[in-house]
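When the chains are written out, they are named A, B, C and D in that same order, and each has its own residue count from 1.
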Amino acid sequence: MDVKTTEYKRVAVVQPVGRVDSNTSAEFEAELRRLVDSGHINLVLDLSKIDFLSSAGLRVIVSTMKSTRKNGGNICVAEANARAAEVMKLAGLDSVIDMHPTREAAIASF
Amino acid sequence: MDVKTTEYKRVAVVQPVGRVDSNTSAEFEAELRRLVDSGHINLVLDLSKIDFLSSAGLRVIVSTMKSTRKNGGNICVAEANARAAEVMKLAGLDSVIDMHPTREAAIASF
Amino acid sequence: MPATTQRLRVPARLPQLARVREFVHGCALRKGLPERETFACELAADEAFVNIVVHAYGGESDRPVFVRCRGLANGLVISFVDEGMAWDPSPPSAPPWESTQAEVTVGGLGRLIIHRAMDGVRFRRRGSRNILTLCKFRSGFSPAE
Amino acid sequence: MPATTQRLRVPARLPQLARVREFVHGCALRKGLPERETFACELAADEAFVNIVVHAYGGESDRPVFVRCRGLANGLVISFVDEGMAWDPSPPSAPPWESTQAEVTVGGLGRLIIHRAMDGVRFRRRGSRNILTLCKFRSGFSPAE
């Protein structure tokens, strides 16, 4: 798993590449925490390059969602591929976090 | 010339496709005016699909820039191709209007 | 019908996750499950294995986890056997974020995913062993009781 | 050296713009100008033609605009001839938005672009005709005075 981040002034886009599971979710969490701690309140998760996503990744997403909302911002998802969308839906997270078809739609939603 | 517009809640992205010259700039202007009149204060011009751009198009861009700024918003450019970038530069407009490499960077700049 | 059975034994360590998923992936593909059902099996297997490491064994160790895949005419049965403490694989009734509690928690998410991803989930305690049996049927078929 | 010359005559109407640009485009390509210089010629030709229609003829009409392209060893000379009123092709010193005036205006933009896009611009009034001569040299060469 690798995390590609693009930081803009008003939003940061985080793209996990590969497998986000119990082995790798700590890295994913560290990057999201770094962004929140550095003052980013609006985050976009680009889930287009996810090969695998388990509840370990979802826990990180939910905890980051709580942090951003507490800070007056939000988190949303962009370009979820079939696997990521399936997991978000199975877990019911798609009704709690906005899912956008494109990164730009996600960025424009803030 | 054709204009493809994507309207988001906080920003609209306008992509002129083809030639923006003295024959076609009225259509381009009409679409930008429609967006400003419908309440959009932040506009992104995607200049990736420009085949030709003359001063007629630049006048429309400058007049729209003035409208958006008067309304408390702004206009910026994204993904200008070589021709569009050359004309913006020749006219010195690149020092007045921000040019972003991607649509998402442009959207994130507001 | 002749059932093809494949077996895997791995230590209860999280770096084994990828191997467990690949084992299940291969079995599901060989059984002819489509991409979506195959992914569901991998997902449930991942969650099951993590629960065994964390809840049955109380953390990573070299104790064994047995995985078996058995092909059915219309699907796949995956069983996990471990020698740890009994754990409760029953799912929460709803995702934690749909809870009415003020503080949203995330417990039970793995079990919820297992139940939603699979068509059948059965947990038994036999002697000192936990046996978790998961089944997934090809789209359009439902479990033959 | 033998100079190749190509000529076009079109009515002073804006829908002719594409034809004028294509004519100049073809001449520049045939002369071997690279893409960037070719585009500069098209751009200047567009602005020149619009200025002739608007300023020399005071609007669209069927009166003639003559365009001529002549190849030089290291570039291209494009001339525009019209029978309209004399017009001032001299450029503003800076883009209108760099002006210190409170109200930014956009006049003079076409002329500014012509001068910045081309290596040489010359305007003459001869009898009842305007003659605008533009030249563009291949990158790395400068105008031979």
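Throughout what follows, a contact is a pair of C-beta atoms (placed from the backbone, for glycine too) under 8 Å apart; a residue touches a chain by one contact, two chains touch by 3 or more.
Keep in mind it's a predicted model, so treat the numbers as computed, not measured.
Counting steps between touching chains, the shortest path from chain A to chain D takes 2. Placing every chain at the mean of its C-alpha atoms, the farthest one from chain A is found to be D.
Rounded to a whole number, the gap between the C-alpha centres of chain A and chain B is 31 angstrom.
Annotation: 25 Å between the Cα-based centres of chain B and chain D.
Distance between chain centres (mean CA atoms), chain C to chain D: 74 Å.
Shown for chain A are the residues in touch with two or more other chains, of which there are none. Multi-chain contact residues, meaning those touching two or more other chains, do not occur anywhere in chain C.
The chain pairs satisfying the stated touch condition come to A-B, A-C, B-D.
Those residues of chain A lying in contact with chain C across their complex are 19, 21-23, 52, 54-56, 58-59, 62-63, 66, 82-83, 86-87, 90-93, 95-96. Note for the complex: chain D touches chain B at residues 14-15, 17-18, 21, 35-36, 39-40, 42-43, 46-47, 50, 94-98, 104, 106, 109-110, 112-113, 116-117. Chain contact summary for the complex, chain B toward chain A: residues 6, 8-11, 13, 103-105, 107-110.
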